[in-house]
Amino acid sequence: MKGLLARMFGVVIVLIGVIALIFIMLWVIPGDPATVLLNDHVSQANIDRLTQSMGLDKSLPEQFFGYMKGILTGDFGSSYFMQQPVLSLILENFPYTLRLTLLAIAFSWTLGIASGVISAVCHEHFLDYLFRGTAVLGISVPVFMVALFLQYLFYYRFSLLPLTYDGSFVSLILPAVALGWNSAGSVARLMRSELMEQLDAPYIDTAKAKGLTYKKAVLAHALRNAAPSVITLMALQLSGMLSGAVITESVFSIPGLGQLALTAVQTRDMPLLQGTVIFTALLIAVGNILADMINTMLDPRLRTE
Amino acid sequence: MKAERKRNTGQELFRACLHNKAALISGLIILLIILLSTFAPLFTHYDETGQDLMNRLMPPGNGHLFGTDELGRDVFTRILYGTRVSLLIALLPTALAAALGTALGICAASFRGATDFIIMRLADIMLSIPGMLFAMVVLYTLGGSLASVVISLILIEWGETARVVRSVTLKLRESEFVEASVSAGAGGLHVMIWHILPNLLPTIIVLFTLNIPASILSESALSFLGIGIQPPQVSLGLMTGASRQYLFQMPWLALAPAGMIMVIVLSFHFFGDALRDILDPGRRTA
Amino acid sequence: MSEEILISARNITKSYSLGRKKRHIAVNDVSLELYKGETLALVGESGCGKSTLARLLMRLIKADSGRICFEGTDISALSGRALKPYRKRMQMIFQDPASSLDPRLRIRDIIAEPLRVWRVCPDKTEMERRILDLLDMVELKESMIDWYPRELSGGQKQRVGIARAIALDPELIICDESVSALDVSVQAQILNLLKRLKKELGLSCLFISHDLSVVNFIADRVCVMRGGVICETADTETLYAHPGHEYTRYLLSSIPAIGDDPVS
Amino acid sequence: MSDILLEIKNLTVSVRNGKSDIPIVKGVNIEIQRGEIVGLVGESGCGKSMTARSVMGILPGPARKSGEILWHEPDGTVTDLTGLSEKALRDMCGLRIGMVFQEPMTSLNPMMRIGDQVAEVLRIHKLVRNREEAREKVIRLLKEVGIEEPALRYRSYPHELSGGMRQRVMIAMAMIGEPGLLIADEPTTALDVTIEAQILRLIRQMCVSRHMSALVITHNMGVVSALCDRVYVMYMGRIMERASTGQLFANPLHPYTRGLLSSLPRIGKNPEYLTTIPGNIPEAGREPVGCEFCLRCSDDERRCFFERPSEIETDEGHYVSCFMCQRV
């Protein structure tokens, strides 16, 4: 357990680093935020009043710690454009992203793991090349192309599924497949290489020498050993998945965090962008810790550390 | 085995590429794409911004290989010029990210302790923010343009390279041939130049070629959302984004640029995979 | 074997930290002398600290405490520029032929490296001649100068390692399990080569091994190590005829007798 | 001939590398009687491990085997293992034939408790009715192979044991199915000499007490003299000489065997320089046409270069494949 706590502490440090980095990039580099916000023909008095109200006149470290304290108490500052607390906006949009991502994860991990295992087991066999080909296709096709293609096919040509998100579960299928398709490819490649490495390990020979047929030896032993590293790498996939979500939400107009960040950039709404990015980093940190926990339970070598 | 002994590693690498079918085919396609896009004027007499509102949204045919877009510009020409941007994006930021990652990775492995901790935590920060969102922050600060897209790609990609380079360098530093070199009196710099860098090269090359698809896909996604490369500059992602509303009537408008992105990404991908098999068939670097 | 001491260690200790409280003591208050022209063997099972002791003597790693004297001068505190001259006079031959040669370099550059670091040969032709001379001394074909390590057998790679070690005419050669990774027939060739070179070049040798038969063949004196401590030192004949320490007897009894008396 | 257990007839194994097929084992004949421990000794790359693995059918992917591996049941029926289906062969493994591997570190599944890994053999071959009986049988065997507090050790994981302990677990795993034959592929190479002596003694006791035969693969003559009744000397995929251990050490006939024994440094008296075998193993594809050893053989003849010597029996049970020995 000791190792796990150390790693959790590491993740917290990384989170603080993320907040600091984003703070520097948004508040420091572009110069005085007030002037950036208000257009030029506004009197200096108004600019001063706005600066004062946003607490921008305090020294940078003060602002940073003020912001950090805010985050701990759930106050991510308030959005310029929508005049609402950033956190409430985020919590309003977050469920949509959550549903989309979970569905995409379900789709991509099941497809990825299944094809990875099959192509590893029947190595150098027709199926192996078929799945590897689709996996490479999966990685190389841009997410937005898959999205547009699915829309064209399932809405325009066969009108089976709705064009955009209308609150119903059915309308989430296309976005989930579009988002999951890309990461299914990398999960499949990951699973295949990890499983093949385990299949060459000497303990598989021992299993066969004990009387286990190749098929049983694979499931009983190799999968169990391949699991930890695959799970860790799948957690790392999470950040790629959330990147893809931004595009998928825009194509299927799902009001998720990605859309929020996009509007924040377009309307130059600094606190909103900052809040969304930091919230997403928080999500990923939780994902990593979860993967860590699962691995510690799975792998005895870590448990007795 | 003996015959190839004479050549040094550079020629050996080239000869191995010729033998490996995947590397050969994908290499040729990449070459073709580079030639097509750099000498675009030879292949099309339109220029990429020439508007011809009379025959906008023309289907493919009579002079326009892929038809014309909503402003009557020739789609085929714009794809060629857009490919230039994609190739630039594929090579420039990825190379800089690889260089930055390698330098920081080696520093982290060489000066252990604080430097190592800081560099690795920075790499962790980069890996814990989704690339797209981080790019948005950069584009917000520097404004949407080719330069800011390049900068955001560099910042996104250096983390992974640094982590891999650091672990390979650590393994090399503990190898017996480095210990032999040190026991012969060689200094740190000598060991770095003679033993560490030459053995790192294959790993760096493979990481570089594998990051190229990621860069192209990221740029095209940013431009698709309209926050990456801004008009009048041409980008395949931008073209695909712009033709969204015509998707159902004129699918080729979106299909052509997106298809080109896929072809570029696929060929670099196969080339990277083949290169990895050639350079270190044994070890798995990823 | 002259009475003059080439290198000696006094109360050397070295330990590594294993997490917060536990520390693994690899070498525990060890003292030994190596006379000029002698082959001293360090024998013991894996983890007894013999490799660590060798690297301490060569100052590849620093000891926690104790003194190391090379021809009378204390080199335990030296480092950097001051230590460099001693690096020239002590060279090591490693265990695993596959990982002790840089896979990216040709044989010429591997052997030339020490010569280049010390700029021993003024110009290229002199360097080439010296390398070919060294190849000849370790019984390797001259045509192998352009080969890569991956094209050589285990025994041939080990010969390149030996050529590299004697390139600077050192006074002390340290063999860290140099024959353990080799097959019986190749091991015999390398042992003969080491014995012949030691005699021809007047070297002193510190031979590290876990194989008592090999040590019996090549060493003049033997130190038996266990758990970081030298439990017995004697010249080869007396040690094998009537071993003093109980652990040495246990080691000797574990070696299966080959030949005349078949298994009961 | 009644109590023959295993007969390997004209076994050839070749590995496909790119377009060409590289022969590793070139027509090997081995016979193992019941209750006899046979050694297969040779240097690395001579194909001894491939021979053992082809009996169990665990050859690496690109390897192809041909020839016969005949298993003699006590009631006289003979089955050719090479002809069996994967399923049928697996039913033999663990039940009729047990195997111990070289690397105790990696031959055990790091994620499973050692007790469960040993009990798995009982479960696969349905030798026990329930878990409890399996557990009790495993604990008894763990004690027999010399593991203290077997009940406690049952639940520990491989990384918590020393190399020697892990090898004892491997032996228990190979023996729990009460097999007729134990194949040990370099069982003690990765162990220290003191632990090696204990493991060799353990294997010998287990074979004698269970009247079990064993095929021991090794490159170390010490292991042969400590453990084996009869020994086959292998060089570049061929059997050069076979005899009882005593005959081989007392009167080695084949030049390669003589060279091997003279290359060994001994405890006690040693010559100034060891008499070695000149040259080294020719590269794949450049093997000589005649006897494999002719290039490195001091007393060879023209015939050796073109003709492959057939095996002749010099005295009771001592066979050698060499023209020079025929003249004697």
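Quick notes
Chains here go by letter, A, B, C and D, matching the order in which they are written, and residues are numbered from 1 within each.
Convention: a contact is a pair of C-beta atoms (placed from the backbone, for glycine too) under 8 Å apart; a residue touches a chain by one contact, two chains touch by 3 or more.
Small disclaimer: the values here were computed from a predicted structure and weren't measured.
Contact with chain A and chain D alike is made by no chain in this entry.
When chain centres are set by their Cα atoms, the one at the greatest distance from chain C is A.
Mean C-alpha positions place chain C and chain D at a centre distance of 33 Å.
A separation of 52 Å divides the Cα centre of chain B from that of chain D. Rounded to whole angstrom units, the spacing between the C-alpha centres of chain A and chain B is 22. Measuring from the averaged C-alpha position of chain B to that of chain C gives a distance of 48 Å. Taken chain by chain, the contacts form a single closed ring in which each chain touches exactly two others. Contact between chains, as defined at the top, is found for A-B, A-D, B-C, C-D. Of all the residues in chain B, the ones that touch chain C in their complex are 1-2, 5-6, 9, 175-177, 179-186, 190, 194-195, 198-199. The touching residues of chain C, when paired with chain D in their complex, are 45-46, 153, 155-156, 183-189, 191-192, 195-196, 210-214, 216-218, 240, 250-260, 262-263. By the touch criterion given at the top, residues 53, 56-58, 61, 86-87, 90-95, 97-99, 101, 103, 106-112, 120-121, 124-125, 157, 159-160, 170, 173-174, 177 of chain D touch chain A in their complex.
Residues 121-122, 124-125, 127-134, 136-141, 213, 217-218, 220-221, 224-225, 227, 237, 240-241, 244, 247-248, 251, 254, 258-259, 261-262, 265-266, 269-270, 273, 284, 286 of chain B are the ones touching chain A in the complex. Only residues 10, 13-15, 17-18, 21-22, 25-26, 29-30, 136-137, 139-145, 148, 151-152, 156, 193, 197, 236, 239-240, 242-244, 246-247, 250-251, 258, 261-262, 264-266, 268, 270, 273, 276-277, 280-281, 284-285, 288 of chain A touch chain B when the two sit together in their complex.
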